[in-house]
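Only one structure is covered here, and it is reproduced in the block below.
We just call them A, B, C and D in the order they show up, numbering each chain from 1.
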Amino acid sequence: MTAPEPSPAPPPGSSPGLSAEGVSKRFGTVQALKDVTLTFPPGQVTALMGENGAGKSTLLRILTGDHRPTEGRVLLDGQALDLNSPQDARRAGIRIIPQEPEIIPHVSVAENVYTGSLPRTGLRRLDRAELRRRITADLKHLGFDKVLDPDLLGSELTAAQRQLVEILRAMTGQVPPRAIAFDEPTSSLSEHEVEALFALIGRLRAEGIAVIYVSHRMKEIFQLADGIAVLRDGQVAGVVRAAATDESALVRLMVGRDLSSLFVRQQVATDRVVLDVKNLTTDDVSDISLRVNAGEVVALAGLIGAGRSELALALAGDAPIRSGTVELGGKALRLRDPRAAITAGIGLAPEERKAQALFLQRTIRDNTSLVSLGRLRRWRFVSHRQEKALAQEFADRLRVRAPSIEAEVRTLSGGNQQKVVLARWLARKPDLLILDEPTRGVDIGAKAEIYQIIADLAREGTAILVISSELPEVLGLADRIVVMQNGRTTGELTRDQATEEAILALAMADDLATGTTAHAPTGDTR
Amino acid sequence: MTTTTSPSAQLPKDQPRPGRPGGPRGLLAAIGGQNLSLVGALIAVVALFGTLNPNFVSWDNIQVIAEAVTISGLLAVVQTVVIICGGLDISVGSQAGLASVTSAMVFTSTGADPYLGIGAALAIGAAIGLFNGIVIIYGRVNPTIATLAGLAAYKGVAQLVSDGRAQGYVLGDPVFVFLSRGKIAGLPTMVWLLILTAAAVHALLTYTDIGRNIYAIGGNDTAARLAGINLNKYLISAYALSGTVAALAGVLLTARTGSGQPVSGSEGLELQSITAAALGGCVLKGGKGSIGGTLLAVALLGALQNGLTVQGINAFWQNVAQGALLVAAVIIQQRRNRERAVGLPA
Amino acid sequence: MTTTTSPSAQLPKDQPRPGRPGGPRGLLAAIGGQNLSLVGALIAVVALFGTLNPNFVSWDNIQVIAEAVTISGLLAVVQTVVIICGGLDISVGSQAGLASVTSAMVFTSTGADPYLGIGAALAIGAAIGLFNGIVIIYGRVNPTIATLAGLAAYKGVAQLVSDGRAQGYVLGDPVFVFLSRGKIAGLPTMVWLLILTAAAVHALLTYTDIGRNIYAIGGNDTAARLAGINLNKYLISAYALSGTVAALAGVLLTARTGSGQPVSGSEGLELQSITAAALGGCVLKGGKGSIGGTLLAVALLGALQNGLTVQGINAFWQNVAQGALLVAAVIIQQRRNRERAVGLPA
Amino acid sequence: STGQTSSGADASVAPVSGKISITYLQKQGDQQYFVDEAAEAKAKAAELGADLKVVNLGNDANKTVSEVQSAIAQKSNGLIIVVPDPAVGPQVVQTARDAKAALLTSDDQVCASGPSPAQCAASDLVPRIGFSGQQMGQQVGQRAAEEFKKAGWNPADTRIISGWKQDVTVCGDRVKAAKDAFDQAVPGVQNIDVATDNTPTGAQDKVAATITANPGVKHWVAWGCNDENVQGAVTALQNAGVSPNDIDGVGLGAYLACKDWASGKPSGMKAALFINGKDVGALAVQTMYDKLKNGKDFPKEAFAPTKMVDATTWQSAGVSCS
């Protein structure tokens, strides 16, 4: 229901763009938003920032009609909107690229994109020719025609491709967009797509569209944003011009304190080889040789589809190994299944938290303790007390924002869900910890905490393999960087040699050599 | 074969692709991998029983099979739609029974007007389907429970209005006789009804945006909702369709048996229709399935049942054989997928 | 004679509200929201029928109810486990039937050794369960189809070995008489078996890591696999457990009816057990459910059935009333959630 | 609380002084025959001023035990039962005896000391009101033989279709008796057992397949466990182009056969054994009442009348056709 008249103080009444006015939202006992008044002007990129769980996604959901605010209202160019459904918002020209892509598994990319407004001729006949025309044109227009085959089924898409589908959905439609919200769009994209996306955002801005951009990556914020709005605990902590602020000021605004430094620089790598991979070949990667020493942090870098995640899954026992050997602590492993890998001392925090890691209906406690139950149990009975202590410890260390560790993971914000995934594996302390995009969607404060924990684990002798598409993270964390392309390693850089340019050069080594594009569209090989 | 699969989804790789080029591959693609194995199983069954008794493949017997599967086939077709939506309708059999007594009783009490009888049955069916949908959507009752409840309740209503007796006698009326024994172009009227219904639903699912929306709803209801599809309208319509076609099945039941049957002949149809849909490739989670697959499964089950009876195999062996063949058909079909044997198959 | 009360008049109107902060919150939390509504419905049913006929709440009648639900209760308990894993076992009834004839036939043919009879039945049950699991996992057959096939096949086997007749007579044997009519501490032996089984499974699910893993598998099988859980071992074990407990139910069937029953008494148990599990809060997609909820649902359904019979309500009205009450119970329970009425409810 | 059963008749039941409460437990209580039986039982009880409750047992032997226990917990003075399966009989007898409730069976026989009434000492058979399955089958078989002879068919090109649900014991008894009686009168006609689900459509589909398997047959005899089987068989035969003159169908129940006859068209349904549940229901309640009120002993067995009817006689015999 809309707020009672007369409306509260600052009247964004006539201000153009998309506005929230006195918006509050409660979920049961959780007050996700409290009296938020913000305006997103047209032709500008406004970054929306805040810690995990600050209420960013919730605000976007309200602006796009997916949630009804408990109080307050939404205005477009000063006109109050009555948004009862996402469709109402779509019709008003308000679009969102949600944090978690929603993909329909058994239909094609083309249908995924235009679901709800499929082209049709008389008698509601689906116009397949027009559908193809549209998707081809739109893919080309947005610059994604190389990375997304429109005939792929939803269930066959990679995380990045899923994200692209969501972007396509938002960009298309009968009513031209007036305001577009991106909820952490880059968290599963790599540099290449990010560039295309930024170009796209630039165009949107030029077309006079109000762009809302949510991200935890500072670099992007300063690269893109005109204005920055910061939420803290569901309230507006401040609105600043991007040009008039800097990183540390922003962090202070977001977390209410200073963060000394993000990355912990240390040299604790030893000579003891923990992981030794020789000529590993699976269905997706070939001839990989790789070593990680105790206390060493090795980063796997590369572009989308380079095969890093596939390598990680193979090391975690989840992809059949065709040839080559994997040794851990000098012992050859037979990685039949993830169980074998975990028993041997390998832990993998996978990249897609919802699909591969989380039990959404279960509590934080349950999700955290799952792989540590072996040491929490006696006679197979789990010690509730120890379990609670363990989950609480990591929830506190990672600053998981939730009413309690008994909250269902389903109700957490995206970043907090990611922290739960990490908590599970940090709690187990394996000999080799593989972290696939560990800070995806995690706020800067928690990032610092995660980096600290990685450093601590390294100091305790854990070998760490990090997969990250965020180059600053790769550069900041790694003692050594291995770059991959097309399922092969193309080079290795020490910390001293590593620069963004050097990494990118290796990541595109083949293409530079042959002059082809970075990646063939997937799917047409089958 | 192929490059990779995202770890979250180990899918069968041979999905029929919408809008792929034609040629002989086009036909194969249209039939689809799942269906291909069903065709294989069907051929095997026909070859087996045809060798044992050549009469099995006579045109007469093929018609017998087609007629025998009509009622469960109709229900399987609508069950397919409901399952693709992500739902389930366990009350179809009871709805058919209620429609059957309704048609006979209205027929009798209106002085033998077949159209009123049939119309009333279809109206009741649509109303019940609508009611099912409303209970599920607005009562927020899980579809399985809601229609389980309907299974009991509608059967009770049918028994109450009929006092548990077979009602009326309709085979004095030419319309019902036509439904029951008539032929068009050499094929029984009943079988035509099944063919037409199946063709209509197939066209709906494949060639219209309505059908595509149905797949979207079952595949990911959040995505469908965010795309502006009116989930409630679709889901309630799916149940209403299911009720209407179940009522049609009930009318055929009346025509076949000559009187309105409250329970006899309609009990167990729910399981048969779900079996056929599942065997035909419907995934019970929703979002996947096809009328072609379902019809093939219906034909396979019908041929099997008929063949076993033709061979004079007793009821007990028939049960064993049916179970065993059902499992065998699926195992053979899955062998081709070479899916990793970890966890529950979809 | 028959009081044909309209079903809607019997709806439990007074659902207790969920636990607001303060007071004995611990207890409320332990019971859980879903279960709370079931408790409310149960109280309403008991109060209603108890007022109509004080005999309903007599200790004798309570025992009658408890005994009557034992067999379906046992199956509901294991069905809960299978459903939490994300599977379904539609063959439990047929397994119970096969176990029932096995127990009676082995008993008879071994010169009236009850332990051999019971042991053989349990062994057969475990073997069938294992077989179900293997077919599902390694044959990659969808659990619904595999156990539907089992429903037919195992029933056929039971009929074949027994020639479709009730087998033997066991009530000359003290062990079977004890199972059938004996009491321990004033409670029938059968009811003790249900209580013990339910308690053991509850402990397994709630207090052990095995239980955690079971919930994990049903909640997200990819994540469970990557967390190092041996899915296959768990799933096959769940089906084996299901088979064993179904066999126990079959033995009790033999003890109760005095002879091995191939079909009678076990037909329809699959639907009853799934109904109870679903009403008790199991989500058919897996990952959610509890033994407490299932038992409450079993008790509710049992009390309802008994109460309707005690009131002399005829079979037709009973069907209607059962369906209506099932839906009503869920609607009332859902009202509390205030979930938005869009799309299919979970 | 155990003890082996010894005698079927029960002398320990004391006459009741107050209002008499009787529970009538029926298998397949939703079938027309049993619905009729229950209706008439209720009417009779109302007339006698007794309290009667009717319970449907379905086909469930286990539910039978539960419902007997429940009736006893409700303090019923007398139980009349149609068991879904005679094997559950001893358990029922024992439960009733423990509670000192009078027990009478209707329709199907029950043995107090073992699962099979056929192998039961006469003294252990529980008193029964009803029809004899064996006798019913016999009548059907005899009538079918009469029709066969009348038509002057040749055994060589005739087949008999026996349709029944093969796991229902009483069905098997009926069909077997019919076969024996027919064979005695007309030896040498080949019989085909058709496994049905006792529904008209189920029977129709199965019989249609059977016709496929036997293409050369000219004349058909059909009987089964109930009218549904025979009607389904007759319909399938007629749909396969067999003339009604070449079909010798003898129903059991007459409630569906009467519909064919009422239509006035020639039908392969030549006759049907009319068994009236009403008679059984009323007689059973009366017998129970006499026992409970006046201490009058149960008769060992009392039969309600059955009557073979056909297209010309069914109306006068009182077959009601809804």
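Assume a residue touches a chain if its C-beta (ideal position, glycine included) is under 8 Å from a C-beta of that chain, and two chains touch if they have at least 3 such contacts.
Since the structure is predicted, the reported quantities are computational estimates derived from the model, not experimental observations.
For this structure, the chains sharing the highest number of C-beta contacts are B-C.
Centre-to-centre separation of chain A and chain D, using mean CA positions: 71 Å.
Mean C-alpha positions place chain A and chain C at a centre distance of 43 Å.
In terms of their C-alpha centroids, the spacing between chain C and chain D amounts to 33 Å.
Residue positions of chain D with contacts to 2 or more other chains are 30, 166-167. Of all residues in chain A, those that touch two or more other chains are 318, 337, 350, 355-356. Counting partner chains per residue, chain C has residues 159, 164, 222, 224-226, 315-316, 318 touching two or more of them. Interfaces, counted as pairs of touching chains, are A-B, A-C, B-C, B-D, C-D.
Here chain C touches chain A in the complex through residues 207-210, 212-213, 215-216, 219-220, 222-230, 287-288, going by the rule given at the top. Residues 1-2, 53, 55, 58, 60-61, 63-65, 67-68, 71, 159, 164-169, 171-172, 174, 177, 180-183, 253, 256-259, 261-268, 306, 309-310, 312, 314-316, 318 of chain C are the ones that touch chain D when the two sit in their complex. Interface residues of chain A facing chain B in the complex, by the touch rule stated above, are 66, 85-87, 90, 98, 102-108, 110-112, 115-118, 120, 123-126, 128, 131-132, 151, 153-159, 169, 283-284, 309-310, 313, 318-320, 337, 350, 352, 355-356, 522, 525-526. Residues of chain B touching chain C in their complex: 7-8, 85-87, 135-146, 148-157, 159-160, 164, 217, 221, 224-225, 231-232, 235, 271, 274-275, 278-279, 283-285, 315-324, 326-327, 330-331, 334, 337, 339, 341-346. Those residues of chain D lying in contact with chain B across their complex are 30-32, 35, 165-167, 192-195, 197-202, 204-206, 208-213, 215, 228, 231-232, 235, 239-240, 255-256, 259-260, 262-265, 321-322.
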